[in-house]
Structures are given as C-alpha cells and as structure tokens.
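Pasting in a structure now, in structure tokens, and then I'll have a few things to ask.
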Amino acid sequence: MRRGFNPSLLPPHPSQGNPMSIEIKNINKRFGDFTALDNLNLDIASGELLALLGPSGCGKTTLLRIIAGLETPDQGQILFHGEDATDTHVRERQVGFVFQHYALFRHMTVFENVAFGLRVRPKKTRPTEAVIKKKVHDLLGLVQLDWLADRYPAQLSGGQRQRIALARALAVEPRVLLLDEPFGALDTKVRKELRRWLRRLHDEMHITSVFVTHDQEEALEVADRVVVMNKGKIEQIGTPEQVYDTPETPFVYQFLGDVNLFHSRVHEGWAEIGGARIEAPNSPNETTATVYVRPHEIDLSRDASDSAIAGVITHIRLLGATVRLEVEVAGHEAVEVELTRERYQDGAWRVGDPVWLNPREARVYTAG
Amino acid sequence: MAFKQHSVLPGFNLALGYTLLYLSIIVLLPLSALVFKSSHLDLAGFWHAVAEPRVVASYKLTFVASALAASINLVAGLLIAWVLVRYPFPGKRFIDALVDLPFALPTAVAGIALATIYAPNGWIGQYFEPFGIKIAFTPIGVVIALTFITLPFVVRTVQPVLQELEKELEEAAASLGATRLQVFQRVILPTLLPALLTGFALAFARAIGEYGSVIFIAGNMPYVSEITPLMIISKLEQYDYLGATAIAVVMLGVSFLLLFVINGLQWWSAKRLGRRR
Amino acid sequence: MAGASNNVHRSIVTTESRSVRWLLTGLALLFIALFLVVPLASVFYEALRKGFGLYFQALVEPDALSAVKLTLIAALISVPLNLVFGVAAAWAIAKFEFRGKSVLITLIDLPFSVSPVVAGLIYVLMVGAQGWWGPWLIEHDIKIIFAIPGIVLATVFVTFPFVARELIPLMEAQGSEEEQAAMTLGASGWQTFWRVTLPNIKWGLLYGVILANARAMGEFGAVSVVSGHIRGETNTIPLHVEILYNEYNFVGAFACASLLALLALVTLALKSFVEWRAEKQAEAARRDATE
C-alpha cells in the first residue's frame, strides 16, 4: 500500500524561491507539409502548473518538446526567465522531461536510473558517491518507492514506472518540469490517484511545470491554467473555471465536455431554437448562428410551452449518478439531456413521454 | 501433464511424426554413426589423434583466427548496422542487401576470389608486398577469409535491436545532461550488448567450422596455416578414418558448447530487453 | 528492410553532427567495398580478363556442363525435401503445444552448427565403404559415397534447417486463430492448410527456399568430403571450380565461379524482394489489427 503524501520527505529544492518563467514567442514548426505549430505565443508564469490540452495532432507535444529543446522551432524564440534559450541544447537547458512511456533505462536498476543524471555530470561538478546515494534515496522516498531501488523497470507496474521517471527527472534539479501525457498509459484508477498526487507534489515544490494531455478532466482537475490547443494554434488560455464556464470558441466548448448543437438565426438580439429564445445581444442581426447547450444545462418539463423545445423521449440510459435521456426533436438531430438521479426519479420519465426542453444556459456563436 | 495440449487443429500426429522420422534419417542417424565409429577408439588412440602437434597447431590457428575475425566484425558489424539504421545515404537498400553476400556466395568462390586479390600480385596484395607483408598463404589470409564469411552475423543481430531502440531513451538521457558519447556508452551500448555478443558467438561458431573459403587463401602449410577442418580432410585422404573421427568429435563438442552459449545469450537478451513498456 | 521508419524524424538531440555522420558512413562503406564489393568484382574480372571467347568455352566444356547438371540435380532433390519437412515441422511446432518442443527446435537447428566437413564425414562413417553400414551396402552393390546419392545426402543435411527456421517464428507469430475460424466454418484440415495457412506463410516459405537453394548449389565442404572428385561424374560446380583452380586454369575456374556469383546476386535480389513483400504484408496486417 502506498502511504499518504508526506511533505517532510521533500529534499530542499533549489528551484524553490528561484522563479523561472517561460516566454514562447512566435513559434513556428512544420514537419514536411504538416504545420505542427502556427505562430504560437505563450507566457508561462513562474511556479505555475500549466496544462496543454487538445486533440491528438494539435501540436501540444511538439510545443512541449520545443520547450525542452528536444525539437528546434523553425522560427521564434523561447525565453527562460528572460534569457534566450532557443539555441540551448537540451543537455544544458536544465529541464526535467517525463516521457509518455517513461523511457526508463531497461538495463539499469531503479536506483541507477534515478542516479543517471548525476553520474553523467562532468567530473568537476559530479557529486560524490555518498551524495548521489543520499540524493537518490531522498527522491525515491519522495515518490514513495524507496523499497524498489534494486529492481529493474521491467519488474515495476505502470504507476511505479511513472513515479520513477518523475524521480529521475527531478534528480537533476530542473528549472522546469515537463510531462508528456503523464497519465496516458495508466488505467483509470491509478491515473486518478497519481494526478492528485502530482498536484500535491507541485504545491510543495512550486517548480514551473507544463504537462500535455488530451483528457479534459485531467487538465481541469490538476492545472492552475489550461491552454486549449487546436491545429497548431491556441484557442484559449485560462483557469479551469474560465475555459469551462466561458469558452471563447466553439472548439473549446465542444472539446470540454458534451454538447448539443442547434442551428439558428439571430434576430434582433435573440436566437430561436424550436420555440426557445436564447439571448444573443452582441451578435449582428440576421446572421446564421450555432447555439451550444450542454446536456446538464437543460430543464425538462411536461407542461406544453411556446417558449420551449418540444420533443419525445426515445432512450434512457442510467450512468451511475446521472441519467442520460435522448429526446427526439422535430427537424433536428436527437438532443441529449443529463439529469441527476433524483431529478430523474422525481420526474418519473419514461420512453415515449412527450417533453418540453428549456435550456438554462446556452452560448451563441455567429458565423464569421 | 499430458504430452500434448488439446487443440482443434488436425494433423499433429502426421506433422510431428514426419518431422521426427526425417530428422532421424538426415541428422540423428548420421551423427550417431560418428559416435559409433568413435567407440572403436580407446582413450589412448583418441588422445593420440587429437593431441598430435600438427593438429594442436591447427586448433590454435582456428581459434585465434576465428576470434580475431569475429572481433573485427564486432566493431565493423556494429558500425555497418548503425549506419544502415540511422543515416540516410543513396543506395542504402542495395548496400543492405549486399551485406548478406557472404551467406549467398558459395564459399569456394569467395575462397578463390580472396586468394587472388590478396596474392602478392593481387588487387590488394600488391600494396602490402613492398612492405614485406604477405597476406595470402599466411595466417593473416585465414583471418581475412573468416572475416569475409562471418561479416553478416553481427550486422543482422544488432540491426533489429537498433531499429527498435526507442529514441525516447536517448532523449531522456540527453535531457538528464548526458553528452552524445555518454548516451552511446551508457544507454545505447548496454542495450545492444546481448545482440553484439550473440552476433559475435554466431560468427565465431561459423568461423570455427569454415572450410571452403579458407583453404584457397591459407596456403595450408603444416604447423603454420592449416585449419582444423582441413586436418579432418587430410586424415580422410590418408584413409585414417579413426583419426578423422576423433578430430570431428572434438569439433562437434566445441560446436555444441557454442550452441549452448548462444542459446544462453539469446535467453539473456530476451530477458534484458524485458517487456516493452 | 532497414532504416526508413526509424529515420522519419530524428531531432538534433538524437543524432550526431554532420561530420561524424559522414565519417561513420564513409568508414562503413569503405569496409563493405573492401570486403564485399572487391571480391565480387574480382570474380567477374578474372573470368573475363582473357575475353568472352575463352569465358564461354570454359562454360560449355563437357566437364563443366556435367557439373552444372549435378548441381541442379542436388538442388532439385534437396530443396523440395526440406521444403516439405520445413512445413511439417513448423505446423507441429507453431500450432501445437507439446513437451520437448524446445529440444526439437534445437535439434532442427543442429546442422547449422556442425562444420560442413564434419557433415560430410558423418555420412562417410555411416554409408562409406569403411562405415557402419558399408559392408551391407557393398554386398548389395549400392554405392552412395563417391557417387551422386552421397552428394544429395550431404546437400540435404547442410540445407536441412533453412525452411523450418524461417517458418517456425512466422507461424508462431501468426497464431492459429485464422485456422480455428476456418474450422468453425466447416473447412477440412487440408482445406484449412491450403486456403488459410499457406497464403499467410508464402513469403516466408519462398524466403527459406531461396536461401536453401543458394546453399544447396554452393555447398563445398560437405560435398567435397563425399564426392570423390571424379571429373565429369561426381563434381558439382564448386568442386569443379576447385579442380580448375588447382590446375592453374584460372579463367576456367573463375568462369564457373562467375555462374555461382551470378546465382548469389540473383539470390540477394530475390531475397530483398521477398523481404519487401513480407514487410508490406506484415504492415497490412498491423493496419488491420489497429483499425
């Protein structure tokens, strides 16, 4: 069993109180015909935990690798705390990189893996064997795997490998910690445990950290700020609340959670969908618009109403704490509605019931 | 435990029966003839045949030349595999196919070609002649021929491992501060080690038994450039079947030992590479 | 077969400086040129140095023709025999679980680790005049050693493992799901083999056959021991080459050798082609599996 996280096990870390901000300026990167990063700008504040979130192929991993120095940008600059690091080799950049599949050295024990970064230092700055030993054991203590020091990577579970990879990256006292899909290769339960653990670890160490993920739940739960990326560009930057509650683009809205889409027109500040009127004060008059409504932001009613969307329940699926209803609406594809268990039971909904849908929240995006 | 686990597929008895029958006729029965023949030898006669000074000189040459050839190919094979896997250059596919030439070219052809090239007036031999270095008809020629014949082994054992080597391992090492040379020494080389040793052992085993490519270039001078397989032939030519048998038993023993070592290396290799991911 | 995929994208971090790359590539190519290209080129150069006339004369000489004939006979018998064996062995080993399997695999590989000279010798000791069954064979007037049957037997021995060792890992990797599917659809054992298994292994099978054929036609040591070197009767091409060379008939020796060198080149070309096809087949299978 793993013990709880104990901050007193932390080794003193030089990056504490040693702020390290990262500025990314006008970065372009192409692979052949494929544009991975398209004139991208991003400031990362010192000590924050930032998530790069997006679908596969959006350029998030390329950006992470460029920050690390594993790739070189075609154009643009990377500044580490105001200093140009664009041409600094990954060796000298002092970044800790945790790979998606951990990239542990198979022929080395856990101890030797963690000690690697210390052993390859030039003679002048290489710590003594005693110091290395102490440091490695401190780090293994930090990731709560001291008892595995003599094992080989092949003998570890996925979650254990993950934490060893992290300990190995921390051993070189990095100024920045970069993690590529850190929980991607783990099963759901381990993943949830580890991401809370990582959050707590970051709260103690305050080392500027960037991680890449395609899992919105992961980004929203762990990060201080989330950068949503698509097709080599940044769609939105903000706190988890900001990007979830006020998505700036249709892409962000759709990527963060399920959504129902309605096609409509804006008429004098209102967009109408099957009777329901949605306020769209800033949209130009008489433009086509798309209205986004999240399934859990729809109220159901049995009372006929001119200001609601009429439909018929066609499917009901019980998903643990919530219930999903599929409602057929004339002239529209099926609308998904999510209710809590209680509200579902209170309403006593059945397949075939006629219902009227009332969006509590909605967002209108006009074309162009 | 039953001899065979249940399966819905048919044909097991036929396939295995035929396999065992054919294996017995072609391989096991003739090999047992060697054992049968050697039972005619008493210990003293056996010792006399295998420890004769001229034969002992041939063991030395065979072992040393084979070890040298395998060592040369350990380095050259790693280099060739590295270049083939990692660096782009025109005609790469052709070069890759050409590496197998020693497997495809009959040994006698290789033998006369090498003997001609390395002769004092040959394409390559002529450049060594002025320095008083003779290659053909000396032990150096034996090493050359064995190097040719065993060239593909290390390349072909190392190549797939190098191909599969995740580049993340190298990137991880670099991000931890290792120089390119340190990455090679501490990460790449240890990963390749089992494959390198397996290739070395395969090359050595092949070299020990090689005959056709060597005899033309060796000059076959008693005590100087006679290899062990040639000793078997010369015993046979003198109708000394028991002597030939005794030497063959020694060679077979060495072959089995090497087979054992190679199996061990492959087991180690599989274990060391571990489960991927 | 090598390279392409691994080379798609290597960043500055995981490769060497341009000068190191050039140096290493140059060294590797120099070694290959010196050890592989020069000997190969010399065979054709020596064969043709006295002109095409003498070259062709050496090839159509009766002893040369009879050597070609014997070489073809030996290959035509040994390759199909080992082909059938290879398929049977791979079927038993790859599709079934039974005790002693790893011992069987080791035994099948055995001929590769035996010196060709010892391979020839064991047949002399079994069926030669002085051998185990010698007296009985003489009594019945059956001649094996220093005759064509001996040459065929030695050739079968040295080419014994080629097809089997190509097919065993291939069929193990493919598993037997497809065969089981065919059986559930009502196919008989033979139908399953011909329609499902064989199409899946055809490239591996061809690969093994190509290698076995090259070895069968080029074998020297083992055949040399059992042949008796009777000109025009028990000489294969490699043995004929040896005799001509020892008689200082270099043009003749290299002319015959050039036939074998051509065979080697064809073998390499076919081998590359088959590898390329097998690679494509494997890639397609991988694509299917991930979709």
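The first chain written gets the first letter, and so on, giving A, B and C; residue counts start at 1 in each chain.
We take it that a residue touches a chain if its C-beta (ideal position, glycine included) is under 8 Å from a C-beta of that chain, and two chains touch if they have at least 3 such contacts.
Please read all numbers here as calculations on a predicted model, not as lab measurements.
The touch graph of these protein chains is complete, with an edge between every pair of chains. When you average the Cα atoms of each chain and compare centres, the chain farthest from subunit C turns out to be A.
For this structure, the chains sharing the highest number of C-beta contacts are B-C.
Averaged Cα coordinates give subunit A a centre that lies 56 Å from the centre of subunit C. Computed centre separation for the pair subunit A/subunit B is 54 angstrom, with centres defined by C-alpha atoms.
Spacing of subunit B relative to subunit C, judged by their CA centroids, is 16 angstrom.
Chain contacts: subunit B has residues 171, 174 touching two or more partner chains.
Residue positions of subunit C with contacts to 2 or more other chains are 11, 13. Multi-chain contact residues, meaning those touching two or more other chains, occur in subunit A at positions 69-70, 89-90. The touching residues of subunit C, when paired with subunit B in their complex, are 1-3, 5-7, 10-11, 13-16, 21, 24-25, 27-29, 31-32, 34-40, 42-43, 46, 81, 84-85, 88-89, 91-92, 95-99, 104, 106-111, 113-118, 121-126, 130-132, 153, 156-157, 160, 176, 179-180, 183, 189, 192-193, 211, 214, 217-221, 224-225, 237-239, 241-242, 245, 250, 253-254, 257, 260-261, 263-265, 267-269, 271-272.
Residues of subunit A that touch subunit C in their complex: 31, 65, 69-72, 89-90. Residues of subunit B touching subunit C in their complex: 1, 3-5, 7-12, 14-16, 18-20, 22-23, 26-31, 33-34, 36-37, 76, 79-80, 82-89, 92-93, 95-114, 116-117, 123-124, 147-148, 151, 159, 162-163, 167, 170-171, 174, 180, 205, 208-212, 216, 229-230, 232-233, 236, 239, 241, 244-245, 248, 251-252, 255-256, 258-259, 263. Against subunit B, the residues of subunit A that register as touching in their complex are 68-70, 89-93, 95-97, 99-101, 103, 105-108, 116-117, 119-121, 152-154, 168-169, 171-172, 185.
Within the complex formed with subunit A, the residues of subunit C that make contact are 9, 11-13.
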